[in-house]
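Here chain A shows up in two complexes: once beside chain B, once beside chain C.
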Partner chain A sequence: MIKIKQDDYAYAVGLIRAKEIKLLDGDRLNRMIEAQGAAEAFKVLAEAEYGYGNTENFHSFEQVLAEEMKKTYDLLAEISPVPEVVDAFKKKHDYFNIKVLLKAEFSGQEPPQILVDTGVFGVEQIKRIIRERDYSELTPIMMQAIADTYDAFSRMRDPQAVDLIIDKASYDQFVNDLNEFDSPFLHELARIIIDITNINMYIRARSLNKSWDFIGKLLLKGGEISEEFYFAGFDKPVEAFVDDLRRTKYGDTVKRGWELYTAKKNISGLEKLLDDFLMSYIRRSKLITMGVEPFIAYLFAKETEIRNVRIIMTGKINGLNDDLIRERLRLGYV
Partner chain B sequence: MARLNVNPTRMVLTGLKKRLKTARRGHKLLKDKRDELMKKFLDIVRENKRLREEVERKVSIVHSRFVMARALMNAEVLEEALMSPKVEVNLKASTKNIMSVDVPVLEYTTEGGGEGDIYPYGFANTTGELDEAIATLSELVPELLKLAEMEKSAQLLADEIEKTRRRVNALEYVLIPNLEETIKYIVMKLDENERSNLTRLMKVKDMVLKETHEFHY
Partner chain C sequence: MLEQIFTGQFFAYFGAAIAFLVAGLGSSKGVGLAGQTGAGVLSEDPSKFGSVMLLEALPSTQAIYGFVIAFLIIGKINDAMVLQEGLKLFAAGLPMGVVGLVSAIYQGKVSASGIQLISKHPESVGSAITLALMVEMFAILALIVSILMIG
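For the complex of A and B:
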């Protein structure tokens, strides 16, 4: 158990609170949506000091967003009194890189230029690790996942198996890491993330008529809702499963999401509501003056903000109408 | 019409008459071929138009869904999700004969991806909008291939129709009139020879008769 002392976070939280003011609030996002064209919307980002100042051309907005994410992680890593906390959140990017490298290896491609540099390991480092099979620096869960992936792929030749194994390991790692810290906030956070991911995947898989065999491989461990619960729901129609969820804290959210799904035949409404559920949990840390909560909340605030910016920019570049953009925007932190 | 440069003899005349007959028969056959090709072509074009509209409609749906998926996911995550495909498509191209035109036939079989199992990615970090984009796209592939097949067929048939039409016209407006004219010319020439021959004979006869008469006196 890694101790987390609230007082250690005094400086970090002070700095975060100052940074929070610069987050894009509803007004500024609105300005982006109502802007005439993508270039105009992109200016808002320049004003918000996004990325590393490379805000000339709106077509490179993906790069700016990636830079902004990197900037956020760098900031948090710099001011974090307990570096493991940030690492716990960075590891999912390592898993992503591992996934890309393994897939490239299996399909005989060169590793594409999509590796992200927000992981614990640098891009070149992780490339070397996978190429040379030198796993000594990896965590046990990573090592196991890589071994399992080689095994599964050599038997089934299925690229989806790579994703399933590595994704699952990534979340296992996340839950394990967060449970290491002496912080009920982080424990609860892990559970909520697992549950909303599971609920979303379950309903998605059910609507694609997947077998239990497949769903079993999808479901992640470490949530409040057990695998048995999903299994029990498998024999019933999805409505009944949604109904069974009403006794959990996700009941209302999922119910509304399911109504949206049946009305529009589109799962994005549910995805948004589940993301918003997570954000409303994160938002509670606004009231906490000192501790790991506001620190982590800033990371989520930034992630969600970047997602929203991506939705708006993609929408603007492709000329989607404002309502389509608005209905997909996630609840922000501020 | 230009007359052919031939000697006006009986033998050439017989030859030309034979050629004219063949040309007329060929003309009729080619005309029939052209009409039939036209019929087939129109059928294909009509079907092609319908299919193209359908495909274009679906492509725009796929596009808008991809835009949505793109909006909700990192560029990198999307790229990774679609890095290696789950379904392998085997395309076999052969040809089919329509009125002696070899049009392509595309047969396609898929390997893997049974029971709608076409998604090559995990669900944890991808959005459901991507599923819809992939599903629509996968429905679209057979139609897209069919469309490719039809458009190529239509193009090949159009070429063939044009070629045939040129031949028909060449026969109808050049070769046949030329032959007819040449035949007419030879016939006239031969008749003319005949007549001059006759006149000459009559003259000779007259002269011979006159000589005999004078001898008597």
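For the complex of A and C:
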């Protein structure tokens, strides 16, 4: 158990409250959506001091978003009284890098330029680790995942297996790390993330008529909804499963998501609603004035904001109409 | 032997020590907490120094009250003091010391929250101060009780 003392967060929380005013609120996101073209939408980001000031060309917006993410993680790492908390969130970026590097190795190509610099290990460091197969610095879950990936690929030659194994390990690591901290808020966060990931995967896989064998392997453990519940639902149609969920706190959200899916055959509506459910949990941190909660909430706020900005910029560049962009936006923190 | 150590004077000094020491600890903790949050806000927006400082200083009053009580008790001490008189002054130091400790820590928390409030809504500095002053009332009551007990 890693102790988390509320009062240690006094400085961090003060700084974060002052930073929160600069988050892009509904008004500013609206200005981006209603802007005439991508270039004008991009100006809002320049005003908000996004990235490292390289905001002249909207075609480089992905780079600006990556810089903004890096800035956020650097800030949090600097002010965090318990460095492990930030590391727990950074590791998912390491898993992403590991995935990209392993896939490149299996296909015999150079790794593409999409490695991210927000992991616990730097880009060059993780490249070296994978190239030299020197895993001593990695966590046990990472090592196991890499070994499993080599094993699965040598048997099946299927690059999709890499995605499945590494993504699952990434969640296992995250949940494992969060449960290490002495904080009910982080434990509940872990449970909610497991549940919404499982529900989303389950409904997606069911609508693709996947077997239980496939689904059972992907289910994450440690959520409020047990594996038996999913298994019991497997014999019934998906409607019945959605109906069974009504006794849980996810009931309404999943029901609305399922209605969207049956009406429009579009599963991303459910995904958005589940993300919004998570954000409404995070939003409760607004009422907490001291402790790890506002600290983590800022990270989620920033991640969601960057995601929304990406949705808007891609929409603008591809000339989507305003309502379609608005429909896809995630619930923000402010 | 023991009668020579535990005299009326000893207990009276002990009461004075508790009044200042314990209340002072509370103020240190309260001001410290509010100060850290204040530094966090100022690192992002240095223009708020005025209101941040005002809020940060509020939990320091408990130490001042503790000082007043300690001063009054010490003023009552004389060489011919009997044990009962000393114990009475010892008891008089307790309300200010204990209530001072607790109220200063909680006032520090309210001040830290108030500093977060003004970082977003600078116009709410009045409300932030009022909220923190609510806690002050208990320290003031403790001060009055201690003064009445000293007599």
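We adopt the following convention: the second predicted complex is superposed on the first by the 334 of 334 C-alpha atoms of A that agree within 3 Å, B and C clash if a C-alpha of one lies under 4 Å from a C-alpha of the other, contacts with A are read in each partner's own complex, and residues count from 1 in each chain.
Just so it is clear, contacts are C-beta pairs under 8 Å (C-beta built on N, C-alpha and C of every residue); 3 or more make two chains touch, one makes a residue touch a chain.
Just so it is clear, the structure is predicted and the values come from calculations on it, not from any experiment.
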item	value
Touched partner set for A:Thr289, first chain B, second chain C, both or neither	second
Partner chain(s) touched by A:His187 [first = chain B, second = chain C, both, neither]	neither
Chain B versus chain C as contact partner of A:Asp7, first or second or both or neither	second
Chain B versus chain C as contact partner of A:Lys103, first or second or both or neither	first
Partner chain(s) touched by A:Lys19 [first = chain B, second = chain C, both, neither]	second
If touched residues of chain A are counted for chain B and for chain C, the larger one	B
First, second, both or neither for A:Ile311, with chain B first and chain C second	first
Partner chain(s) touched by A:Arg326 [first = chain B, second = chain C, both, neither]	neither
Partner chain(s) touched by A:Leu208 [first = chain B, second = chain C, both, neither]	first
Of all residues in chain C, those that touch chain A in their complex	33-34, 36-45, 109, 112-113, 115-116, 119-120
Chain A - residues contacting chain B, complex	62, 66, 96, 99-100, 103-104, 106-107, 109, 112, 114-116, 158-160, 163-164, 166-168, 170-171, 197, 200-201, 204-205, 207-209, 218, 220, 266-268, 270-271, 307, 310-311, 314-315, 318, 320, 325, 328
Footprint of chain C on chain A - complex, ascending	7, 10-21, 79, 289-290
List of chain B residues in touch with chain A within their complex	67-68, 70-72, 74-77, 79-81, 83-86, 112, 115-116, 119-125, 127-129, 131-132
